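Each chain carries a letter (A, B, C and D) given by its place in the written order, and its residues are counted from 1.
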Amino acid sequence: MKLPGWKEMTIGGVITNPGNSLEYKTGDWKVLMPVINQEKCIRCRICWYVCPDSAILELDKPYTTKAKRVYKISYDVNYDFCKGCGMCAQECPAKAIDMVPVEVS
Amino acid sequence: MEAAQEVKSKRPIPLSTNYAVAHAAKDLDVDVVAAYPITPQTTVVEKLSEFVANGELDAEFIHVESEHSALSATLAASLTGARAFTATASQGLALMHEILHVASGLRAPIVMSVAMRALSAPISIWNDQTDLFNARDAGWIIYFVHTAQEAYDTVIQAYRLAEDRGVMLPVMVGYDGYVMSHTTEPVVVEDRASVLKFAPKRPYPYRLDPDKPVTIGPIVPPEYYYELKYQQVKAMEGVPEKAEDVDREFQKAFGRGYGIMECYMCEGADALIVANASYAATLKSVLPDAWREGLKVGLLRLRLYRPFPAKHFVNYTSNVKSVLVIDRAISYGAPYQGPLANEIAGLKVREDLGFNLTSAVAGIGQRAMEPEDFLALARLAWEARTRRYPETIFYGVRE
Amino acid sequence: MLEIRWHGRGGQGAVTASEIIASASIIEGKYALAFPEFGAERRGAPVRAYTRITDSPLIPRTPIERPDVVVVLDRSLLKPTYIEGLKEGGTLVANSPLKPAELLEKLGLGGGKYRAATVDASSIAMKWLKANIVNTAILGAFVKSTELVKLDTVLDVIRSRFHGKVAEANVMAVKEAYESTQLSWG
Amino acid sequence: MAQQAGKSLRIKSLFDLPREELFISGHGLCAGCTAGTIMRMLTKVAGKDTIIVNATGCVEVATTRYPYSNWLVPWFHSAFENAGASASGIARTIEVLKRKGVIPKDKQAKVVVVAGDGGTVDIGLQSLSGMLERRDPVMYVLYDNEAYMNTGIQRSGATPFHAWTTTTPTGKVWRGEWRTKKDIAMIVAAHRIPYVATANPAYPQDMVNKFARGLEVLDEGPSFIHVLMACTTGWRFDPALGITISRLATETGVFPLYEIDHGNFRVTFPVAKRKPVSEYLKLQGRFAHLTPAEIEEIQKLVNERVAEINKLAGKEVIGPVAK
């Protein structure tokens, strides 16, 4: 990517479009990756709470378990940013998250 | 030249330079003053406190616990959209040094007055310019003023310059502690409306505001840092011309102007003395005696110091045979041990200027200088037309 | 002058590995420089380090863009971007269970222009150090494939940097890696 | 103080937290850094009408690596030791600009400092004390990872007794840090400000409600929240254990959760049966060198501290170590 010249940069290094950190993908940091078992997940929001990287997404995606339990929301992992720290799996009360090795493509 | 605007003649009032600076800040309707007391700047902040206490100035006075915090609060205020002012001296200027670079690096339009004073150790509350010369490369625009009136006028010009979108650099207004800060002299002050007409508030463009979130002060890796510093270089390069424009407009508006470098009694002079602040004022009073002795020596008064007005310096010195530079600070072990002389030597080489350069250090720790001493320096400048003094002369020190 | 670029993740010891090889070279009478890519290394984030080995004390202190050897400590960094600039005829030393030729093929570096040395440094490290710290095990593969420094010198440096049981465990890891390293052209 | 903080969010369950993120993904904090969790919650509670003043430190360098920034609220960093003074400059500017009609009188703009332990208990203490003593309307949030982590785990005034750091290593003569942790919350409380509290990300409701209370008192004066921030790299533990270890800090009485609201001391999370401190220490590599006798020494210090807390609370809110 071509780097900007001094004329193109805001004075003082002010970042006028904060939130552009979404371009700074940290997903390739992980060696292990969390996989959420939708059956076991009791939708308690703890994994969403603990994640330092907002990489646990809380989606309005209904899910009905085999035992006919109906959930209005589901949790999923944003692997573009998950660093594989495992805090979600560690804190999950329902042990619904497994940390599995990232297969090196 | 269209007709000069009708200039209301004002009766001068007696003010010290400290008070003149405080009046300027008041008339500029500054929004925030964050300052820590230090001799000889104290009466600036005392006067400002009175103004705020009496409702003459609607500003937040932040009683900080150190000069490091003084400039930190002033900087943050400026970046939040305030017209922010502070004042300091000596140890205070040294203590806030880290933040000097943060302020210029973030391009904050702050104005700070500096009642120049010696630096510890040993501690000295008396005047010289060691403090300011140890802050000269922090990226601030620096003025030296030689009268209380000029101090008042320059603080006003400084905000106009600092807030100019093409400049966006903080400004220091330096004057000699005690010899000027605590010396009462006649000063014409202007009414707030006309001051604000001349220098309307132009707040920081990316100010901290929840309606328009920005990130100010990120960590900048090697691929970007250099360009941001180069922006400061380019902004500073544009300052001499803009400073002159501001001064010209000030002249039109208020009938007083100074230029950015003043050559006094230079007509037919064969030697010049470069001096600033109180020494320049005293030389103006002493040089006629020199001329009567046949010493055709002029005064080159340095007003705008950073950036250094090279073009003007070349014009004024290209046909004199000797230039003696008075320094009020010491660069221990430098080629010339007067910092200003050192810089001027560089310019002399760059522009192939033919005069003999003489460096004289004087008035360290406010060592008394009588009119005869200034005459002696004029003789030295005159002699140096035909005789070279390669080493810095430490004038007035006892062996 | 030999230029080596090391790739790992913050906390995996890539910088230490680069220093051990530089130390070994210096002990063997050569000149060497080892330096990390400076920046806020964070645990997990990709980091790189550099080693230069020469016969002259005049060594450039600049990042290495065209290395003779690229060493990759972390499997997840076995991607073309991290091997960019490897000189033709250069060697890739990798912590990987794959065969050298197979790895080179996967990275698009086949065709006999590059050499690779692979060793399962992670398993060796888990065995001897009970942790996935591969920065010493990988040195076994480095020494075997490049022969830039002697194995014994590297082992001495490790014994001086670590001590007691930890040193011995690292020594064993290096030895085993040295033995089990596979080497071949792509 | 004209600034009006307004009623802020109070939560009984995690689901009372807004889903919207104001501290978003794509930062350089270590994998498993609990500061990420804390910053997300702080910004959720404070909301978009907030200006963050961030001292130099891990959070600052990891979240604003030019040209990227994770902060969807205005954010300002000036230096390491001047967060307090900077926040005063901002808060007082908002007041005068409102008074002068430059910005609307009802405009919300809460000023919140975020700083680490080094930036707060050591180099920034003077600037903090000035801000507190001036009663400037600022909430100061300390994320305390108990050493200078940004520069590579050197000890700070907040490093606990016997902890290994790179500048208090263990050797023949030194056994890690030999002084006890500086009690910054009590030092701040001595400034008699409206609200001081300690918080722990392992107790979300308690932490979030303390952020909310800290914001509410801003029209009376400053508030200070001391948040424990377990550090995977510096405390030498597995990245997955950040919240678990944080929880143990409170369960063992090492980090009691309390608040001082207008002078009233209250433990907000009583611990009836305290776990032995060894439960907390054994998971951390920075304490791996400890002998049983040294662990006992630490237990004794914790017991003394708990006694102090119970005395302040007026009753035994933190119980003895369960056998």
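Side notes on the structure shown:
Criterion: contacts are C-beta pairs under 8 Å (C-beta built on N, C-alpha and C of every residue); 3 or more make two chains touch, one makes a residue touch a chain.
On a predicted model such as this, the values are computed, not experimentally measured, just so you know.
A count of C-beta contacts for the chain pairs A-D and B-D puts B-D on top.
The mean-CA centres of subunit A and subunit D are about 24 angstrom from one another, to the nearest whole unit.
Centroids built from CA atoms put subunit D at 43 Å from subunit B. As a whole-number value, the distance joining the C-alpha centres of subunit B and subunit C reads 57 Å. Averaging C-alpha coordinates per chain places the centre of subunit A 32 Å away from that of subunit C. Shown for subunit A are the residues in touch with two or more other chains, namely 13, 15, 18, 26, 29-30, 83-85. Touching of two or more other chains is recorded for residues 40, 44-45 of subunit C. For subunit B, residues touching at least two other chains, in rising order: 106, 213-221, 224.
Per the contact rule defined earlier, chains pair up in contact as A-B, A-C, A-D, B-D, C-D. Within the complex formed with subunit D, the residues of subunit C that make contact are 10-11, 40, 42-45.
Remark: subunit D residues 14-15, 17, 19, 21, 23-29, 31-37, 40-41, 63-72, 75, 201, 204, 232, 238-244 touch subunit A in the complex. Residues 48-51, 53, 60-61, 64-67, 69, 71-79, 81-82, 84-90, 92-97, 99-100, 102-103, 108-109, 126-127, 129-130, 133-134, 136 of subunit D touch subunit B in their complex. Here subunit C touches subunit A in the complex through residues 9, 44-46, 74-76, 78, 132, going by the rule given at the top.
On subunit B, the positions that touch subunit A within their shared complex are 105-107, 168, 206, 213-218, 220, 223-224, 227-228, 230-231, 234-235.
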